[in-house]
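These are the structures, in structure tokens.
Here come two complexes built around subunit A, the first alongside subunit B, the second alongside subunit C.
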Partner chain A sequence: MSAQNPSVPDNLALPAPLVVIAAQVIGAALLWGLLTAESTLVILLLLAVMAAAFAAMQIRPQIEENIVAAFRRSRRLALMVGLVLVLIWPFFLIKNTYGMHLVIVALLYSVLALALNFQLGSANIPNFATGATYGIGAYTSALLAINYGFSLWATLPAAAIVATAFGFLLGIPSMRTKDSYLALVTIAFGIVIHQMLNNLSWTGGPNGLVGIPAPSLFGHSFMSPINVFGYRLPAQANFYYLSVVLLGLAILSAKRLHESRIGLAWNAIRADELAAKSQGINVAWYKILAFAVDAFLAAFAGTVYAFYVSYISPDNFTFLVSVTIMTMVIVGGMDNTFGVIVGAFLLTLLPEKLRIFSDYRLLFVSVVVILFLILRPRGLFPQRQRSYGGH
Partner chain B sequence: MDSLLVQHIINWAVMGSIYTLIAIGFSLLFGLLNVIHFSHGDVSMIAPFVALGSLQLIFGAIGGDAGLFAILIALALAIVATGLVGVGADRLVIRRFRKSPAMMALVATVALGTAIRELIRGFYPQGSNPKAFPTIADGFLSFGGGRLPLQPVVIILTTIAVVALVWFLLHKTPTGTRIRAVAEDPDTALLMSIRPDRIFAFTFFLASAVGALGALFFASHAGVVRFDFGVQLGLIGFSAAVIGGLGSMSGAVLGALAIAAVESVVQATVPDGASYRLVFAFLLVILMLCLRPSGILGKTVQEKV
Partner chain C sequence: MTKAPLLSLRGLGIRFGGLVAVDEVNLDLPHGHITCIIGPNGAGKSTLFNLITGIYKPTSGQVVLNGETITALAPHKIAAKGIARTFQSSRLFEDLSILDNVIIGMHARTKTGVLTALLLPWISRRELEACATEAGDILNRISPELYARRYEPAGILPQADRRRLEIARALASHPKLILLDEPSSGMDDRDTAGLMADIRRVMADTPGLSFLIIEHDMRLVAELPDDVIVIDYGKKIAEGDFAEVRLLPRVQQAYLGQKAVENA
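After this line comes the complex of A and B, so read on.
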């Protein structure tokens, strides 16, 4: 098993570059199929293919090991293929603006899930308030844009600062409480924020804020389509690329934090808080930091969301939104960046694509989530052991 | 006495009773399983729907004036059915997470709650609409010149009786001793020839049935019930159990009364208080947990190395 032998197997069945390209193209094709498929049969078939892939990995962990090893070997190639796929992606969805919309929402949820992952995955801090910090970010930037004419680029840092301040505030009780008690503090915080947004007059009350102006970059308005090589990408492509950049930043910061002393400290707290404390780790500070980092990233996602839909209301940021984000992290695989993103995509797309079950789709999704938790308890892609040096 | 003040006090006692009934379930289950049964509110909310459904059936069978008897039968049916759903929830889902990290059980029960809500919405006739719920006890109680509406009296007295009964059950009967033994240490309890699985099933039944009573009172007090009422009721019940100290029954009662008190005071004094009710209730929760991290009556566990 891999636990004893984390090194790369010497004789892979297939050359690594081939495995990498095949895996990425197949993944992209599956996603594309899921987005464009109209008939239920095709959707169910695609889901069955995915389920089969996961079943195969469950039965033969070696397959997963080999793929991961291949990615480790040709990391640069993987990055390049990934970049190309991400760049040309909108060209396959020119006609399908709804599919484009779903991808943007899924990208933003991936950012949120990664933000939560800093706490839930890395440090095992339950936080049910990601939806609230997301909302604080969205409302801050919407208010600044509507009332003071701030542009998207100016509101991004402003929203991040405000949300991070709230994150610090929320982190303070974590110095004394933990587990279920801390979970309740975050739930309460989320409800207080939601209720305030719902009742205060300057946040628009239950009607929310309407008419957030479209951003522009170098004179190119985000409302207008992109014309390249004679192709005309729908206006949403602007926000697609913006969300991709945001997710890229989130992945990069997740990676850098994971590899830094901070990530190590979080993992130590997860393993044993008391032991971490006796190692001289300032547990309180790192916990608060986890809340702040979560809020910072969530605010970015909130800002982009607000400018993208140009209309926000308190109902976008309820307790159930926080729970959905948490489910994404747990279903995807805690402390595994790739897994968390897959979880975010699956849980965004599934309810939308299962409209055929119309009234029963939420029921279906919740049953699937429970089954996942029972059958693959460590998530779709379990966290990997830290490896030092070598590979 | 000022009649408005009396009204506020009655309202406080009624809401406190309802929250108590929900909070006891959270406390019981947490004390036993160390698991937060987040779908408890949704499981409890099944009861009003069962009651409505069976009332319609009974009226259909007997005709118009089935009266108090029919209502009592419908309530009893609803309580038993909800208790059984609680046992079923444990069998089907919660039991499988007994050895997993707490977060998994939590997310699983949240998903279970969604499933239950969606089942009601999808399969109860016109399930997404709010349903009018009859008052369980109509009429007034007159004494020495004044008169009191009957329903709050029934709710408060029943709650006191149920709390006393549960306390008696836990502390003065063999079954209660077994429950506390399993809560202490399931493995050792097994050695004492106690079957933990039976105890779990019984406790789930008890917690869900008590919660069902709370949900029935809630629906009757509000006069209306909707499939998603369980979310908020569950959150408040959970908060009450936590600020009182999870696992402690008197804590659950205290917590419930405290939250209901904040709600009543805010409603009475703050302008537009009805809409800020939840804000203040949950600010109290945050404040309480900052000041006393393990609740009012919770034991502070000293971690040993």
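After this line comes the complex of A and C, so read on.
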């Protein structure tokens, strides 16, 4: 453990820009490989490569330190390379509709996992209802669009407000209950929402809502392909870019809250509630706030999902969805934005690509969680200490 | 100059079922004063701190800070009114950096809300960076070694450093009153001497600041405070200069009683 400011690396073997570009290109290539590989063998091989990389970092933490230091040093370059990769990404999957679909779902799950991370990762509040707030967002938008002709852009804030109100409601018990009891309250909330969606007539009951109209932006319908440079990106690309923007917003929110006294207050509550109170932190308010922020972002994800698939039913928002989101946070790394996104991608893609496991989804998730709690209890990418400019 | 006390306890008490842990304690703490609380184990000293800081709700009496009744306010509100504290068994934010621990101590006097943090991030970043600078200064004054290690997690510190860090965190809130619960436990003679020097220096730097310190180390109690309060079975049994108080029969009795129990 170095006594230095974490932003100042001890030594760098390779020039930072090279490390940054290499890391991002290799990461993108691995993801592309996972998405396009057909045979289980190839997929397992790719996983083995990733596992080896993590094993190397586990044995020699300096490798990880150096990579992180390189990214901190060449922040702007990293951002630009990342942006370019994200923009050109659909061109690599033009023929692969299924792969593109998986990426969009993974992006939306990344948003959900980041939403939950405010609670689980930052403040250690076990919330098993992210799937429910996701559903509330999706249903609010779908109902407004179908019944009142709201556009996607109008439903986004509306759904966020409705879901945030539910988030506040769900957060109130957190003032009186903790840990496993609070977990039970959120599980109950999730089940109540699911049951209501299943049984109310105006939500379409178990059949859900069909025919959510396709959104458009400046006259460009999201049903039509995107034509650029003589390439023709399938209509899906519209939703890909929309999901990317949403994830960008989620990352920005996570970063800004983490780098404020609010993120510090959440971390203090996670570490020791009583000590946090004694520092003047209004623990009840910060817990409710975590629920509200979670619901706000989850509603955005729900809205985009509803418009993307144009058909939603209660089964999209079950308890299992909440558990999956929770797993993504645990696997990726509590309170580490990048880690949480990696967790979301891995746990979206692997069960889909490893078809042998597809009948055992819950089993797969459980085994992954148990393995991680034993092997790398703080996730793939654990939280890092904050650094402050110039100190 | 106002002669009103900084903190007044009026008939403050709490019972846990049949046990009266703190019994009708009356107390006036002046501004700019160091007061030590002594008394045998289980006398109710820590419980008194928990009553003052709002962690326990009293079953009788009042807590008055600068003329304002703060009895049974929520702990975070009392902290914001200017009472900081440390705990008998230190409670740090273990997985956060030493520096972050001190910065969190400034929570009550910083302002950024969610919307500012999300929409005007430069304001919250600037606020936090100013906090980081000040936290670094506070750490450096309390312990240059802690300052040098400020990016390490607090959880790895040894006992004496944990106590110092808790004091730094308490100072960070710019309190009017600091409650220290057995600050010298886990410290050797040199550390304790350093602790006393730190407290005196902080007192000199901050006019009006008062300390209320629960202590067992009789050398510290003899040297440091302006006043001593003796508590036994939840009651205040003596108050005044340590040299006089220690000779009182009822004080000797309280300590002898404990010795007898310990030797039994």
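We take it that the second predicted complex is superposed on the first by the 368 of 391 C-alpha atoms of A that agree within 3 Å, B and C clash if a C-alpha of one lies under 4 Å from a C-alpha of the other, contacts with A are read in each partner's own complex, and residues count from 1 in each chain.
Simple rule for what comes next: a residue touches a chain if its C-beta (ideal position, glycine included) is under 8 Å from a C-beta of that chain, and two chains touch if they have at least 3 such contacts.
Since the model is a prediction, treat every value here as computed from it, not as a measurement.
On the superposed subunit A, the two partners subunit B and subunit C both fit, without a clash. In the superposed model, the vertex angle subunit B-subunit A-subunit C (Cα centres) comes to 80 degrees (nearest 10). In the superposition on chain A, A:P173 makes contact with subunit B only, not with subunit C. Once chain A of one complex is fitted onto chain A of the other, the partner contacts of A:A138 are absent, as it touches neither subunit B nor subunit C.
Applying the stated contact rule after C-alpha superposition, one finds that A:V340 touches neither subunit B nor subunit C.
In the superposition on chain A, contact is made by A:E259 with subunit C only, not with subunit B. In the superposed model, A:I330 lies in contact with subunit B only, and not with subunit C. By the document's definition of touching, of the two partners only subunit B reaches A:Y181; subunit C does not. Applying the stated contact rule after C-alpha superposition, one finds that A:Q279 touches subunit C and leaves subunit B untouched. Put simply, subunit B and subunit C get as close as 6 Å, counting only Cα atoms, in the superposed view. On subunit A, the surface touched by subunit B in one complex and the surface touched by subunit C in the other have residues 274, 278 in common.
If you check the complex, the residues on subunit A that touch subunit C are 1-6, 253, 256-257, 259-262, 264-265, 267-268, 270-272, 274-283, 289, 293, 383, 385-391. The touching residues of subunit A, when paired with subunit B in their complex, are 120, 124, 126, 172-173, 176-181, 183-185, 187-189, 191-192, 195-196, 198-199, 274, 278, 319-320, 323, 326-327, 330, 359-360, 362-363, 365-367, 369-370, 373-374, 377. Residues of subunit B that touch subunit A in their complex: 30, 36, 93, 96-97, 100-104, 106-108, 110-112, 114-115, 118-119, 121-122, 231, 235, 238-239, 242, 246, 272, 275-276, 278-279, 282-283, 285-286, 289-290, 293-295, 303, 305. Across the complex, subunit C meets subunit A through its residues 53, 55, 74-76, 79-80, 84-85, 87, 91-97, 99-100, 103-110, 112-114, 116-118, 121, 124-125, 127-129, 131-133, 136, 148-149, 151-153, 156, 169, 173.
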